[in-house]
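In what follows, a structure is listed as structure tokens, so that the remarks can point back to it.
Order of writing sets the chain letters: A, B, C, D and E. Residues in each chain are counted from 1.
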């Protein structure tokens, strides 16, 4: 694994390497190098299995962090490629040409975070949010509770409890 | 006057059919270690369906399809002699013979097909095509058996066929022509469309097939037809192969037993795919039918 | 042996030989001119044949002049008909040969070739 | 044979109501075989746009009572599973619970079903389907809702995509509480439903028809791409 | 009368005087030449007239005042006059045709041209063999001269080959003449004939050389590469001369010189003819070059004429008729085709579609080609009939088979060519037709028509009434400029009058049930099916004459009392229907297979009739019953002809495509009416042969199996069709198999089933095709999956189709059930259980396509572009509803047709039939009461309907997409309509039954023919020397053959 990381570092500008486990590393690259690196990992280092593509909303930094998780099936290694993209008009190069199912993840990110992947097949089709006209719900500036209360007719009289507290009170009212 | 007797017969047959259906469902439930529906459940279902308040129609044929279907069922009843030796319950069997009844079954199928077709649901049509496809080969062994018994008795008149079988169980076609009976009873499985030949309206993969869009009164008519048709097909086989009936009691018992047989098979066997079931009837049952003609 | 070796038989033999030579040339030579020559030989052979057939021993040419008395002509001259025929045939043969040559000329003008194998545009 | 296109898509304007229109549903200028052209509007032309009508019960009390009894004894359930509750429905038909005893059967098509069981949380997307199916059922029709999600949102009470109260969208006859209710609870729910039907209270269909506008407004508030006439026959 | 010697004098004089004209005076010189040729033609025509009116004896003209053998003598007799007239007329027409050629090339060419015809004239007239040689040489020199004057490059090389070849031939001839003179002592042909040259020592060689040269002049296959090249490369005008005049002259030489060889030479000549006829026609199949095809055909026809010549003894006094009718047909038609080829000026026959927009040219081409094929009413038809019949009479069946086989080969390439001529034309190249070029062809087609009439009269086989339909057709053709509406009215009036005369005035008084029924189907059906013609716009050129011809052909079938009349009507109907089918847009390929199968079938029938004639010596249709020894053969051969028409299994492949591609209103005509001609023929055949003839009683058993399998395969194929017309077409195969099965049962009930089913099939198949065509008329598509949901737009058409398929499927209470019921009884009584079960199975398979038909068109969601369709035109609906009324009447009361048929049949089948008691029909097996069933059904249906209506009066009518779609929203009708490949599971299960092995095997045969032909023709290397070698080898082989060397 170290060797691979070294190889990568020779060829790409890696800003950060995190060792999660012995066989799981996360490396951070710049946006422009990302797809190149993923391609390199797939073709040269044989991380042929694409696990997931996910995003984290760093609203404070005004950035999304994308993580491409790849897996090396025979050596049982995982590597995560992280990159930051701008939050405003977020776009990222599509990687659907490497694995077909990347398109599905990209579709989801488009739906939930509003990150665009130009060229990705059917990227505009929603999975769940048919007819959604608000900001994408997984962005942290979207207030889901407020939205729900405004939209879905909350039943009056409903109260919300912390389950642990509530059960403790119910089961052991004397303590 | 004839009409009154015919209506009386029809009334008996419908009630008998409903009860029989209830009992059989209960028996099937017991096979699955359930208690099952009450024996009067078919009555209730029927009443409920006729009592549905709102209805819609996709068009004229959708509206008339159930009428055709029920006409087919009732038609078979009308042209079938029920009780041997009883003028009252011989219905209109003087208007036509076995061939007429065989072809009258198609009227109902056509009605169903047209109604379901105008319903416009793709699954209906898939069901219809499957039903028709399967029916083509189901009829082959039955036809061979019919030819065989026509040769045997030198008649196509059902009354005469029944008459020839009177005089004890040894005179039944079952005994005198077991090959034809075998072929016909195998094709009976296909006619009744219980498993393994029920891919036509396979509920799991193809919601109900042809009657997908039918509801309310239309569905009630289809159910009524199903009741009449099932019983009448059992009676047809009873007349042809099991000595007919000289009174209602024997008719009920024989019809029940005959009807029970595909239900029993259906409760035990899984389902064939459509192309399998199309071919199946061309193997063993057809072979039996051919033997029946050769060794008559 | 010598009896067979009369002029007529010699004529016939020569005629047939010339015919065969002509035919051989016609069928084997690839040069158009040679083919025409072959044909001409064939033609000539036929003419020799014709004349030989009409020949009767010890008789003279069927020309009525001082040498041949008109009253005895029938006994003196050879059979005149082949002679007449051969004249016509020569004329016709000449015509055909000339026509052939003009064809060869045209063909040569078109393709600049005298090889008969080059004139197979039309077949099948 | 290559299929020729015999229509031309008309691009919709950018008005609010066309916002969620799929390209399949754009209006089309169609060329008839005789060369004339006309416009097909997939939103309306393919569907019947009549409003539902309430159906009065039989005027003869006894008959109506008898029919209600029959309806209560023959409950055909639409096989439509939402949320986690659908897994609880299937044991109903097994020998252990054997709902057949009560005249309960499953039907695969809404046309022949009387009861719709909403078996858990409904996302907006599922709600749209549930409403379509509900509207395709024929009167009289009943709705049974399972689990707290359908009552008040349950654990999804603050979700951006899950409804909180089912009875704002379709008339509910019986709620079965629990998260999830077990099959026994469902059986109890059936008993309750039967009772209501026998008492003549199972008039959800009429209620829906009478208050159609209200229901539709609630539905449309969250379903923005209904894309068909208001009532789905 | 002008003496024939003037022909020579005038020709020579004019030819030489032409040399005096300057280039500037070309018009004058052409005028002079033309005038001279016209005068020559006049002289020969005058003589011909004199001979024809029996005023004249054969005369001899002695040149130089001596009698032969001392001088050249000419003879002018009837035959000479005929040939001279033919040659000179052709010369005249050629002169007109080559007008601009001759003018361009000037006096030289005119001179050569005149000399050529002068030479040919003398060759015909002369009785001196050397003179013949001289003028033969003159004509071949002039011919080659014409070619060289053409200055076409490839023509020149082929002219050289011609020169070599003809040089060799002439030398052979010359040697032969010399030898003949040497051994026989005379050059006068009459003396040569009298002197039995063959028996003189060495004479046989002389005879051999002379005759082989003459044979070689006729360009026998395979020593004919040189001639083919000339045909291909020379200007078509010259090709016409070669084929029309030179070949005719050569034939006459053979005719003149053949007596020298005596009887011993007849057979070799015949065999030469056979090889030529078969060989060149076989090779013609693979040709693409128009002129070369014509060359092959020409050689083939000459071969045929040689055969006829060699069979002159067998033909007896019919020889002249046969010979001249075929010769004249060939001479006129071939010349005409060459001329047309010159007008079109395209080498490849694929490019002939340039005349697509010139109906006149198409008609001319059609007339010429069909004349060559010997189809009625053209003269060669009568010639061929007499030829075959007389050969049959003398038992020469080998010859018959050869002649028909060769004719079939010829038919293949000519018809394929004709089809290509009518192909759609993409390039818009405009064809310029000059008057002087088309004029000769027009004249020659008129001459053909005139000869058609004359030969028909001369043959004595035809009475005048047979020309009425032709007269009407010609009249309609002349009135082709009228709009469709008027012509349609005229056609309907004609057919109505015809049916009035035939049915009402003839058959009904005679109470001839069979003929009444088929007259009804053929003629009343025709009236009904002509109605949709009103919907057509424009002129519809050529349609109505053909329709009239077709229906009069059908009427002729019913009328026929002799095999000749039958065959004539049969061929006429086939021809007319072929031409009707070929009018369809994409019908060229399929009509080709139709006509090929039909012709093959017709030839079989022809042989069968011949065989019957051989045995009984009578051409009466009734005489078929007396055939005993060859009964099986006659039966099979004639039946094959009918089986082709009803498209039985094995010969069915023409049917589906033909039906599909024909015009929409033609399809019902062929499918419901025309195929019944096969049924009618079978009935006639079986009535006369199977019943009284124990010898052929086992054939119906085979036919029964064929029928059963046709029914199965036809229906099996029908269910997979996506083309609606094709679907109905395949179902026709099935139903026809059903009828065939019924007929071949040879029992009362079987026949009752079959005949009544013929009526019923006519009713519902016409109904279905009309309904379908009416729908296509509106939807403009034939793909069944592109329709759907039309019930709301076309409810009346829906009713038609519904009634049609209920009848087709044989469901009670409609009349289709009658067929099924009688069929069951018949099968069980007959004992054909397994065949019966197959037919029954196929009957159920029919449900599948019935449902497909009605569902895919009318049910399911309507497609977007059909949303605004109107009900189809009233002209399509009127006949439909007449047919529906017909179906309903006989459904309620089938007795009206069944009882008379039963009575009629009991004359032939005294066995068990239907017993009628009131409305109940019964057999010993069962009973059936259509009227009661209908009443019970109607009552029951009404009651149930009323119940439903009472229970659900308030019904919301919903639209197409208000369906349960798994809670989804259907997006497009195309994706919601389950229509395309509807029976995929069935295909998976039983699709092997629908595998196209029959089509494939026919295609394999066809392809093999092509491949073999392709290999064989390779020996035409194109090398003149090789051709010369061919000639030498041919001579050697012939010599060996004659002298028993082989």
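Keep in mind that, in the parts below, a contact is a pair of C-beta atoms (placed from the backbone, for glycine too) under 8 Å apart; a residue touches a chain by one contact, two chains touch by 3 or more.
Quick caveat: nothing in here was measured; it's all calculated off a predicted structure.
J.: When every step has to jump to a touching chain, what is the lowest number of steps that links subunit B to subunit E?
T.: The fewest steps needed to get from subunit B to subunit E is 1.
J.: What is the identifier of the chain with the smallest separation between its Cα mean and the overall Cα mean?
T.: So the chain nearest the centre of the shown protein is E.
J.: What pair of chains is linked by the most C-beta contacts?
T.: Contact tally peaks for the chain pair B-E.
J.: Most remote chain relative to subunit D, going by C-alpha centroids?
T.: For subunit D, the chain whose C-alpha mean is farthest off is C.
J.: Roughly how far is subunit B from subunit D, centre to centre by C-alpha average, rounded to an integer in Å?
T.: Chain centroid spacing, subunit B to subunit D, equals 35 Å.
J.: If you average the CA atoms of subunit A and of subunit E, how far apart do the two points sit, in angstrom?
T.: 78
J.: Roughly how far is subunit C from subunit D, centre to centre by C-alpha average, rounded to an integer in Å?
T.: The separation of the two C-alpha centroids amounts to 111 Å.
J.: Using mean C-alpha positions as chain centres, tell me how far subunit A is from subunit B in Å, no decimals.
T.: Centres of subunit A and subunit B (C-alpha means) sit 60 Å apart.
J.: Where does subunit C touch two or more other chains at once, residue-wise?
T.: In subunit C, no residue touches two or more other chains.
J.: Could you check subunit E for residues that touch two or more other chains and list them?
T.: 861, 956-958, 960-962, 964, in rising order.
J.: Multi-chain contacts in subunit A: which residues touch at least two other chains?
T.: Touching at least two other chains: none.
J.: Name the touching chain pairs, please: which are they?
T.: A-D, B-D, B-E, C-E, D-E
J.: If you look only at subunit B, which of its residues touch subunit D in the complex?
T.: Spelled out, the residues of subunit B in touch with subunit D are 29, 32-38, 41, 44-45, 47-49, 51-56, 203-204, 207-208, 211-216, 219.
J.: Show which residues of subunit E lie in contact with subunit B when the two form their complex.
T.: Against subunit B, the touching part of subunit E is residues 789, 791-792, 795, 802, 806, 809-812, 817, 820-821, 824-825, 827-828, 833-834, 836-837, 840-841, 844-845, 847-848, 851, 854-855, 858-861, 920, 924-929, 932-933, 936-937, 940-941, 944-945, 948, 951-952, 954-958, 960-966, 976-979, 982-983, 985-986, 988-990.
J.: Give the list of subunit B residues in touch with subunit E in this complex.
T.: My answer: residues 50, 54-61, 63-64, 66-68, 70-71, 74-75, 78-79, 92, 94-100, 103-104, 106-107, 109-110, 113-114, 117-122, 125-126, 128-130, 132-133, 135-137, 139-140, 143-144, 147, 150-151, 154-157, 207, 212-213, 216-218, 221, 274-276, 278-279, 282, 289-290, 293.
J.: Okay, in this complex, where on subunit E does subunit C touch?
T.: Spelled out, the residues of subunit E in touch with subunit C are 130, 134, 137-138, 141, 144-145, 148, 151, 153-154, 156-161, 163-164, 167-168, 170-171, 174-175, 177-179, 181-182, 187, 225, 228-229, 232-233, 1017-1018, 1020-1025, 1028-1029, 1032.
J.: Flag every residue of subunit D that touches subunit E in the complex, lowest number first.
T.: Answer in residue numbers: 1, 6-7, 22, 24-25, 28, 30-34, 36, 38, 40, 42, 45-48, 50, 80, 109-111, 129-130, 132-133, 136, 227-228, 232-233.
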